[in-house]
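Listed after this line are the structures, all set down as structure tokens.
In the two assemblies presented below, chain A is common to both, partnered first by chain B and then by chain C.
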Partner chain A sequence: MFLVRLAVRNLTRNKKRTLIVAMIIAFGIVFFVMFNSLVLGLERSYFDNVIDFESGHLQLVDDDYWPRQDELPLHNLITLDEQLQQNLSQVPNLKSYSPQIRFSANINNGLDELPITAVGVDGERKKEVFKLEEHLIAGELFTADQSGAVLGSSLAELMGFELGDYLLLVFTTAEGVFNTLEVEIVGVVNTPNPKVNDKQVYIPYQKASGALNTEDKATEIVMRLESDTSIMEAKEFIKNNIVAEIDKYAVYSWRDSAQDVVAMTEVQDIENRIITSLFLLIAAIGIINVIILAALERIKEIGMMKAMGMKEWQIIKIFMIEGLGIGVIGSIIGSLMGGVGVYWLVNYGLDLIEPDFGLPVVERTYGVWNLSAFIFVIAFTLIVSLVASIFPAYWAVCKEPVDALGGVN
Partner chain B sequence: MGLLKLEEVEKIYRQGEIEVSALGGVSLEVEQGEFTSVAGPSGSGKTTLLNMVGCLDQPTNGEVYLEGEGISKLDKDQLALLRRENLGFIFQGYNLIPVLTVYENIELALKLLADRNNKDIKEQVMKILTAVGLGEMADRKPNELSGGQKQRVAIARALVKEPKIVLADEPTANLDSKTSIDVLEVMVEMNQKLETTFIFSTHDPLVMESAKRIIKLKDGEIIADERS
Partner chain C sequence: MRRLKLVGFILVASILLLPPGAFALTAEEIIERGDENKYLEQVRMETELIIKDGKRELTKEMIIYIAGDSVVVEFTNPDDKGTKYLKIGDDLWVLFPNAGEPVKISNQMLERTMVSGDFSYQDLMEQEQLLELYEFEIVGEESYQGRDSYLIEGSAKEGVETSYSHRRIWVDQERFIYLKEELYSQQGRLLRTVEAEEVEQFGERWYVTESVINYKLRASSQTVFRIKAIDFEPEISEDTFKL
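Let's look at the complex of A and B:
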């Protein structure tokens, strides 16, 4: 206890120095927790964008379709028959599902043509699975028996389309025959997902099936669960009960469809770690520096303590407690400031403009609370401050007591 | 066997190729309760001698016996324990810890010893502080004291654990002559009251004279050993 009291008092000898190093540590912590919060927030909005607009939680597809889905082929499709509907109704925690048929088409406004992805969907079911309705900026989603098209806002703007205009889709059918479809625009969406905004056109499922000659078949059945914690369970169920019966079907989670995004977040995770290590290195150097300076200043006191019969490890302990003390002060300041910073990120967000990253995010990015980041960085800081003070203290203490006394003669 | 005995103690310092003989075979005995000064010109080996006696450094040749026990066979930690229990030190530069109060500086010496409760410690510290005339200043920090007062704190710190020997290397060198005499009087008083053995080095003839025994050194040899 006496050693602890002495160590704490020692920290007040040069308050400025103690505070500067503690502040360096604090800023490291602030940076870490805010960066971590933002990365998690970004990650969550990537993932939400994929789930809400591209893949749902789970997809049932034909196993041969899956690897070639980027080419948007019209074979190896899936039939939503009575049996399958019955089976799907058994899936635990399933909120809704919807068949859809995606195909590549050119959109024509009478002057220009653009390649886009057209999606035949059941408007009613679709809004249960995806969050299109919330992001309508004009008009509405079509119902099952209606005709009409919904398209992304950027695409509408680019082609000069307005509500009530007719757009022309040009495409090839399943048999490879050219066909066209003229549809009235009934809705425009502006979603956080740039893919939807830039190059998607939704039309009624029946209409697409008819025009493509695909006999009511879907490219995939997308599913939304009550919560994303039950994905594994539902996936297992589908594997065991549906895929087991119809061998050529396969079930994939949103993670499987968002491989590149997942990979991206892993890279960010590594960046995060590198930056953190650098900060902790700076913190360690700061602490080593302080302990060396303190030991030099106190070389006579150390000699006196040794003369009085203090053992070496006791003196080292004093310095270690001092180092730890700096770490504690830095951690307290850092987590308070970091807490304020994360609060701000969570509530006000940050405008990250990343136009060419190809990431499915256009909105403001909001932070996420992650207590484990705080715990991790504080634990790490404390360990680093302890370890960093051992060596300079050991060096100072290993001098002979007479050397340390120096000027006694 | 006496309290302290030096037998043919030699100390050679090596600085690269050059060897400096600081002590050349010193033999000496000190009895319990003696008040001894070590005198001699600069470089004569006073500090070196006190370091040997204080077990702060090992002799190159010869042996130091404390109550009949040779110290050369002890390791660092054993020497630390030996100093902790038997020896008190007073330094020219006081070497008080600036962030601790007068009281805490003295307390430190007792905290190192095992098996003392806080009540005993407090009693002992206040007793010794009163004895050196600083009873009122227990809560002051060292930088609020004069040089003479600081050295009295250092004396109290050396004495509080009632060691067998107190070693003081030029305890008055930083003090004016009046304060020097004051500090010395405190030491004499403690020597008489507690029967503590004092060995101190000095340049100052006035200080030297107050000792009952004067050991004179020159070039690392004892040239005189007088008792009055």
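Let's look at the complex of A and C:
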């Protein structure tokens, strides 16, 4: 207890030094927890954007369609017949499902044209599966019996389209015959997903099906579940009850359909780990450096303690308790400051990503709370502070008291 | 003898009194003769493509080899030198000079315009004779570019894969050249026109050596396709069509 009291006294005796070292540790903790919060928030945004605007939670497709889906073929399509509807209605935790037909087209304004992805959707069902309606900035989402087109705001701006204008889609049918479709623009959306804003046009499912000669078949049936946690259960159910009956069908989760995004985030995750490791290494070197300097400054004091009969291990212990004390003070300050920073990120977010960054997110990036990041960085700080104090203390106590008192290094 | 004269007289009179259209060609016969001029089993052409879009003008030079249903388009102008398009069967590939592997042009790319011009990759893919793809009927006869021509309409045959569901063709009555073609979408919208600007005779064959293609959905856009040299009996090695 004496050693603890002595260590605490040493810490309070040099308030300025203790505070400076603790603040260095605290800023490290703040940086770490805020960076971690932002990275996880960014990742969450990517995934939400894929689920909310591209793939839903699950997709039922023809197995031969799946490997070629990027080419947007109009072969190996899926028929949503009564039997399938009945089976789908039994999927556990299913909120809604919607057939859609995606196809490659050129959007034309009479002066020029651009390649886009057109999506034939049932407007009513779409509302329940995707979050398009929440992001309408003009007009409305068409219903099942309505005509019209909904397109992304960037695409509308680029092509000079406004609500009520007619756009022309040029595409080839399932048989490879050129066809055109003139549709009135009834809605414009501005979503957090740049793919939707820049490259997609939604038209009614029946209209698309008729123009493509696809006989009411869909490229996929997109499903939205009540929560993210029920994906595996629903997937298993579909495998066992639908795919087992129609073996040319297959079910894929949003992770399967967004492999590019998942791969990108995995790479990013590795980058983040490297950055974090470097940061922790620098922080550890900082802590070690500060404690070494503190030990050097007090070399005469150590000589004095030895001359007064203090044992070597007791001196080392004092240094370790001091190191731990600095670590605790730094962790408390850092956690409080980091908490405020993360709160700010969670509620107000940051403008981080340029629209052309290549990842499906354009809006402000919001942080997320991650308690494990706090626990990890505090534990790391305490261990480093503790371990870092051993070496300089050991080095100092190895000196003869005469040498130490004489200031011989 | 008098009886023989009478029979001869009746025969000549019958021929003269036949309605004017009795010896006229059918739509299929006209297109067959047109196809005979237009479609080549084997050829090597040195060509020029002039793409005009508003004030912008882009010239590309190419050597084209055709053998059966295989086509190679090799660019020779400095900017694109070495770039090749290769059509083998139903697949279209592009080879860039500095890239190792050829790249297959995906289905979704086929409907897009080729080299920013007025025709699509899919147009390059279509090598079949028109008679194989469409049912034809003569809808009129009119003068086009000062030449008497048949106006023929074609509707895609059922079950046959073709890019345009409907065509209108002005066929030169004397040379059986397609003076103008209008190409329509399934919905009936005019997508492209192809007009013959220069026609030359090579032996018995008449061939269009300069044509103008207009993509009607893009304002102020026009592509001129000019043949600078043509060899109808070239020696093309098999390696030309290898990837």
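Criterion: the second predicted complex is superposed on the first by the 362 of 409 C-alpha atoms of A that agree within 3 Å, B and C clash if a C-alpha of one lies under 4 Å from a C-alpha of the other, contacts with A are read in each partner's own complex, and residues count from 1 in each chain.
Rule of thumb we're sticking to: a residue touches a chain if its C-beta (ideal position, glycine included) is under 8 Å from a C-beta of that chain, and two chains touch if they have at least 3 such contacts.
No experiment lies behind these values; they were computed from the predicted model shown.
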Report task. Considering only touches as defined above, state whether A:Glu312 meets chain B (first), chain C (second), both or neither. Result -> first
Report task. Please work out whether A:Thr172 is in contact with chain B alone, chain C alone, both, or neither, and reply first, second, both or neither. Result -> second
Requested in this report: With the two complexes superposed on chain A, say which partner A:Phe374 touches: chain B (first), chain C (second), both, or neither.
Outcome: neither
Report task. Examine A:Arg13 and indicate which partner it touches, taking first as chain B and second as chain C; both and neither are also allowed. Result -> first
Query raised in the report: Just chain B (first), just chain C (second), both, or neither: which does A:Lys300 touch?
Result: first
Requested in this report: Please indicate which partner A:Phe279 is in contact with in the superposed arrangement: first for chain B, second for chain C, both, or neither.
Outcome: neither
Query raised in the report: Does the superposition put A:Phe27 against chain B (first), chain C (second), both, or neither?
Result: neither
Requested in this report: Mind working out whether A:Phe161 is in touch with chain B, chain C, both or neither, as first, second, both or neither?
Outcome: neither
Query - Touching residues (chain side chain B, partner chain A) in the complex - result: 46-47, 51, 54, 56-57, 76-77, 80-85, 87, 89, 91-93, 95, 97-100, 104, 107-109, 111-112, 157, 169-170
Query raised in the report: So in the complex, which bits of chain A are touching chain C?
Result: 70-73, 104-106, 108, 110-113, 115, 168, 170-173, 175-181, 211, 213
Query - Touch list for chain A against partner chain B, complex - result: 2, 5-6, 9-10, 12-13, 300-301, 303-304, 306-312, 400-402, 405, 407-409
Query - Sites on chain C touched by chain A in the complex - result: 106-108, 110-112, 122, 156, 161-165, 183, 185-187, 189, 191, 217-220
